[in-house]
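After this come two complexes, each holding chain A, first together with chain B and then together with chain C.
Presenting the complex of A and B:
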């Protein structure tokens, strides 16, 4: 009897928490269809903010910047991180403490310290050499820096989970290391590579602080554009663009669920 | 094992193994050293430099930035920065405690549900954190603005003066922090609850322990590693938070992250910002170290990943 009341209470608390988690997002989506420019009163359904979006060149260019930044940085991080992950696995019996420290550094460093370190560094390098002007390039470099550890750790944990005798068998089957990598290693860690790529991509799209401090005047991403608009107090289209981004996340969540289901079967 | 023995017997192979290590690891290691270790060291150096005309650091070396950080300025000592530091500590503490209070029952509840629902429930908890931080915070600005139902209700209860919103305020910052970090606590706690050894609970009940005692002695210690891991994941990023206090806090809700960032974003005083960053790093490492010590003392500290 007592147990049942506890369970019922917990269930109620669960639904309450879900409301808490989704209310802010729901409000943004709801008011993106508002006919009036207000976040307090809903006057009628309209798509005018979405129409305004399409005509806003700054938003379109911010969208492309976000996309290019996420894709390019994820590809570079995948290549570099995959190599480290493999190196860590192959030489796991050695003392690699220094490497572990290096890999954890981007993870434990507070975002803001990360961002301003990069900014101070890029600005100084640019002042002395003319290279690395703050812009898309410096943003890509910073994003790769915080993506590498995640790729390396995912690849490493996939390799550790494999049966070590597989590697012996591969050695017997394929003569050269290149062939071994191509025909055995890459296909085996493919799931890890895919999830590492998606994680890197998400981390990049999600990031605001580090992008904010390493961007130049021409390289604003969507979050940076939204931030600027909120700060200036011009927010009518913000609900619409934010709603689209929330929609993209919802879609990604469905896909990951579907993917999981298939993986279980 | 066999592999290492084999290698030890062949001198040539050892050389090529070392070269292999170098080739595979060095691109990433060099990348992190050049693009993160060097910049951080440079930032630390900046803290000891003089503030130049455009906020850019100059020689000679001084401790001015640290004096400014401690509150000493042209007009004598002012407590502003000290308040900011204390506020950061307090907000971090409060948010972490509140997150634990919400996450603990949620994590437990998920483990009691049917297995096929659990993955979906966890996903539901995590998905909001996939959206951009700026957007999530903007959502709260919409909810807490003047004239919204929540603000009106708070006015009726007399919590805030009429025609005001619930933001900007310290309350809004705490709320934003709890919202932001809830999933980071639910996940490790869920992992702890899922591994829970129910035989211990059974034993406690068989020995006529009251439910409270049974919980305290049989359940709570088992979830402690998850709790510690969650605390690391919540408290450390919360302490350095920039976006939430900037948007929801206003001038009186500033945290250390804003103090640091404003010196760079406004371009006004790099050395002061760098000194603040050093303070933040020291606090971060003290926090990590303390959690590790606590984790080790209580045993089962392997859950604390860092």
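Presenting the complex of A and C:
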């Protein structure tokens, strides 16, 4: 009897958690279809805010910036993180192997500290050399920096889960180092790479703090645009952008999870 | 090579390929081997190869000696087994043959050619791994064809060889499956086929049967031996199971602490172990310390026993080996036999044979009798124990 009560209590807690997690999102999505210009009263279904979005050049430009930033930084982070993950795996038995945890620093560091230091760095480089003017390039660099540890970790954990004799079997079966990478290593970790790409993609799309500190006047992304816009109050237009971003991020996260699960099998 | 109908065809293609290769390239085997792309005919097996190990040393870290000055010759076409407990160096030796480990010192020759410094992907040696190491991202067919593909053989050639080898190991129906749909025994055979299909000069097998249950293991032992005889390939087999080694091998090398203790045929190693380690490892419990000895007798804990003078060894010290199955209990024996008195302490009924733990002169002696038409001895029975001098073997310590 007591056990039943406990179980009910826990399940109630679970539902409560879900409510706090998803209800605010649901409200945003719901009001993005509001016919009236209000975040309190729903007067009817309408797609007018979505139409307004398409007409707003600032939003379109922010959207493209976000997309370019996310894709370019994810691709670069994938290439570098994959190499680091493989290197961590290859040298996991080394004495100073634990030093590799240093690359996890960006994960534990507060975004604001990370963002401010990146900004200070780029500004001083720019002052001395004229290179790295704040803009899309500096944003890509800083995004790559915080994406790499995630990619490396995913690749590493996939490799550690493999039978180490597979590497030897590939050598034994006449595969040269290049052929080993191409015909064995890459196909084997492919699900992990796809998963890591989508995770990096969502991290980049989501990021506001680091982007905010490293962006230039022309390179506002959607989160930065939203930040600027809500100073004037939350409009249904913002709700519509938010709804679209929720959809995109949820999709990317699900793809990441899907491919990761496939890889674990 | 896997079926009679294709033997001649493959033989011809091998010969013509190697002949044309020899025209273009310099005939030196070393320089031809150096190029690993395109030269598929180079590694195609023609004759089984012998293996020579000269003064091999291998150490891990500062203190662990894996191999200590190993000299060994394995004949071409032989089923050779490296036998020993875990950590004896047998797997290290196999890995050096495969090229997956480099010796600290010493040379390795296969087919008379020094391949010590040749990387594994350029050695005509293939391995069946203990964990099978089938590629999870590939189908069974692609796993089988992997080696051929890496050597640059054409798709048509790969397809033909895969079908041929699948038929040879009687797993034709599994070829299109995924690896994770196979049972342990099937994986084992696919791993074997994946190595055989490359027709290496030497096939290495690293405890390939240890993960299988006893019934399947026995069946595959016979099958492996049959395959080896049929292909005439040089097999180097690693195991810690002395029964498995004896059933399958032409010759066995017993290793301990990185040193080869004895090399010989199964019956040499079993019946005439060179030292106490080999004797114990081959499953012999009846070893008795020799206190004193002469030409034709020894004094042991059991008492004075007559020996066959032909069995004479130079060592004065050491052990006397009395194999349990050579002891005769309560039998009508001729004058030649050594006779002792014993008492049954324990009886283990094994069906086809019966094992007795006897006490003879205060010492425990194991005796095995085949279970044919004779009365079983009961615990507590006094028995006359007889052993023929020719069955007694002196073993160094």
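FYI, the second predicted complex is superposed on the first by the 238 of 265 C-alpha atoms of A that agree within 3 Å, B and C clash if a C-alpha of one lies under 4 Å from a C-alpha of the other, contacts with A are read in each partner's own complex, and residues count from 1 in each chain.
Following the convention adopted for this analysis, a contact is a pair of C-beta atoms (placed from the backbone, for glycine too) under 8 Å apart; a residue touches a chain by one contact, two chains touch by 3 or more.
Treat the numbers as computed from the prediction; the structure is a model and nothing was measured.
Once chain A of one complex is fitted onto chain A of the other, the partner contacts of A:242 are limited to chain B, with no touch recorded for chain C. After overlaying the two complexes on the shared chain, residue contacts for A:145 are found with chain B alone; chain C is out of touch. Applying the stated contact rule after C-alpha superposition, one finds that A:187 touches chain C and leaves chain B untouched. In the superposition on chain A, contact is made by A:213 with chain B only, not with chain C. In the superposition on chain A, A:14 contacts chain B only, with no contact to chain C. When the two complexes are overlaid, the chain among chain B and chain C that reaches more residues of chain A is B. In the superposition on chain A, A:47 makes contact with neither chain B nor chain C. Within chain A, the residues touched by chain B in the first complex and by chain C in the second are 168.
Those residues of chain B lying in contact with chain A across their complex are 3-4, 17, 20-21, 23-25, 27-29, 31-33, 35-40, 42-43, 46, 56, 102, 105-106, 108-109, 112, 119-121, 123-125, 127-128, 130-136, 138-143, 145-148, 179, 182, 236-237, 239-240, 242-243, 247, 257, 260-261, 264-265, 270, 273-274, 277, 280-281, 284, 288, 306.
Every residue of chain A that touches chain B in the complex is listed here, in rising order: 7, 10-11, 13-14, 17-18, 20-25, 27-28, 31, 39-41, 80-81, 83-84, 86-88, 90-91, 93-94, 99, 102-121, 123-124, 141-142, 144-145, 148, 152, 164, 168, 202, 205-206, 208-209, 212-213, 222-223, 226-227, 230, 238-239, 242, 245-246, 249-250, 252-253, 256-257, 260. In the complex of the two chains, the chain A residues touching chain C come out as 163, 165-166, 168-176, 179, 183-184, 187-188, 190, 265. Residues 36-37, 43, 98-100, 119-122, 125-127, 129-131, 133-138, 146-147, 149-151, 180, 194-195, 198 of chain C are the ones that touch chain A when the two sit in their complex.
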